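Look at the two complexes coming up: chain A is in both, with chain B in one and chain C in the other.
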Partner chain A sequence: MGNKEQMLKDIGIVDFTLTELTLYLDTHPHDRSAMEYFNHYNRIKNQLMKEFAQRFYPLTLDYADSNKEWRWGMAPLPWEGACN
Partner chain B sequence: MWNYVKKLQFPVNIKEPNANLAQVIISQFGGPDGELAASMRYLSQRYSMPYREVAGVLTDIGTEELAHLEMVGAIVHQLTRNLSMEEIEKSGFDKYYVDHTIGVWPQAAGGIPFNACEFQVKGDIITDLMEDMAAEQKARSTYDNILRLVKDPDVCEPIKFLREREIVHFQRFGEANREDCSKSEHAQYNH
Partner chain C sequence: MQDYLFDEHFEKYPIAMAYVPWQHFDKMYDDLEKAFHYGTIFPELNKPFTGRRCV
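The block that comes next holds the complex of A and B.
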């Protein structure tokens, strides 16, 4: 349970790990240990994305369930630089 | 189809504007070896790629290049916001400013507009993959050149990240070009 900046940093780290594993698995589709790593970090990422959306705003439309206001549209833009 | 993630792949948080640097770095937005050309090259080459694994590599790297395009756009945007008119005139940014104000438009550092002639879709697996490997090296060289011109660590860090990704992509395209990946049992023959 960190603050917004720390959580975004953590999501960035896990997301980057998944990007690397995806490209590796694209050319090594039978590497079981890499697939285990992928599944492990994917579970962590989904948990963090869900928690971030509940506490702050949704980072993807999958987590954009809103009732009072359209939080997806009101979220900060990535190029603003304050907290990406 | 695609899903958007409302964050950058690597943080960009530049405190000091610098219009001189922005005019150089914009080349990796819309220049000959920039991220827009990279993404369009890979995503367009997919349709004639007969091997499913290789088309998968093109999809995932082409997608990551869009994230890099967004990062370069963020760098140019943050380097050009809050500039005084005096700074705009002194830095030579006035020639860009007159046409685009401080919007981010795809062009090379020399002012040449983005052009699809910077990349090729040949419809031949070997030709396209060799072009892709060369493209990653050309982008890496451009980032090396940019790093020689940049002193601000806020700009260096994301540029260093982007440079490293060129090397990883070169490696993956090289693997895609190998017999054991691109000639596997899952290949489709749909020429």
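The block that comes next holds the complex of A and C.
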């Protein structure tokens, strides 16, 4: 849980971690423990993205499920001060 | 001042070839925010520039 800014920060940090693990796994494709770390943090990122989309707005199109209004389109744009 | 490390161990390698030792994963930082500020999740790659030789 946390407010918007905190969640954005957490998503950014877990995304950085996944990028690092991806770079390592690209050159070590059989390293099991690195894969476990990747799967673990990937699940966490998906949960955060899902929760952020429900509570605020979808950050990426694949979390943009909506029924009343098209939430993806209504989301604030980066240059509209959405991300500080 | 001797600015290179001569090591007879390197005799058997041909000259003018660069070698990068292979990275082995054993553990990563568990504090991800700290890792983010370091710029890496791998302690062995955390080499801050201190203005002189590598730490």
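In this section, the second predicted complex is superposed on the first by the 79 of 84 C-alpha atoms of A that agree within 3 Å, B and C clash if a C-alpha of one lies under 4 Å from a C-alpha of the other, contacts with A are read in each partner's own complex, and residues count from 1 in each chain.
Simple rule for what comes next: contacts are C-beta pairs under 8 Å (C-beta built on N, C-alpha and C of every residue); 3 or more make two chains touch, one makes a residue touch a chain.
Predicted model, so just to flag it, every value in this text is computed and none were measured.
Student: A:Glu20 contacts which: chain B (first), chain C (second), both, neither?
Tutor: Both partners, chain B and chain C.
Student: Give one of first, second, both or neither to describe whether A:Leu59 is in contact with chain B, with chain C, with both, or with none.
Tutor: Only chain B is touched by A:Leu59; chain C is not.
Student: Between chain B (first) and chain C (second), which, if any, makes contact with A:Asp31: first, second, both or neither?
Tutor: second
Student: If you stack the two complexes on chain A, which partner ends up touching A:Leu8: first (chain B), second (chain C), both, or neither?
Tutor: Only chain B; A:Leu8 stays clear of chain C.
Student: Of chain B and chain C, which one touches more of chain A's residues?
Tutor: B
Student: Once the structures are superposed on A, label A:Ala75 by its partner contacts, choosing first (chain B), second (chain C), both or neither.
Tutor: The first partner, chain B, only.
Student: Need the overlap of the two footprints on chain A, from chain B and from chain C, as residue ranges.
Tutor: 12, 16, 20, 24, 27-28
Student: Provide the residue numbers of chain C that touch chain A in the complex, in ascending order.
Tutor: Interface residues on chain C, with respect to chain A: 23, 25, 28, 32-33, 35-36, 40-42.
Student: Quick check: in the complex, which residue numbers of chain A touch chain C?
Tutor: Chain A residues touching chain C: 12-14, 16-17, 20-21, 24, 27-28, 31, 33-34, 37.
Student: Give the list of chain A residues in touch with chain B in this complex.
Tutor: Listed in rising order, the residues are 8-9, 11-12, 15-16, 19-20, 22-24, 26-29, 57-62, 72, 75-79, 81-82, 84.
Student: Give the list of chain B residues in touch with chain A in this complex.
Tutor: These residues of chain B touch chain A: 3-14, 53, 56-57, 60-61, 64, 70, 73-74, 77-78, 168-169, 172, 175-176, 181, 184.
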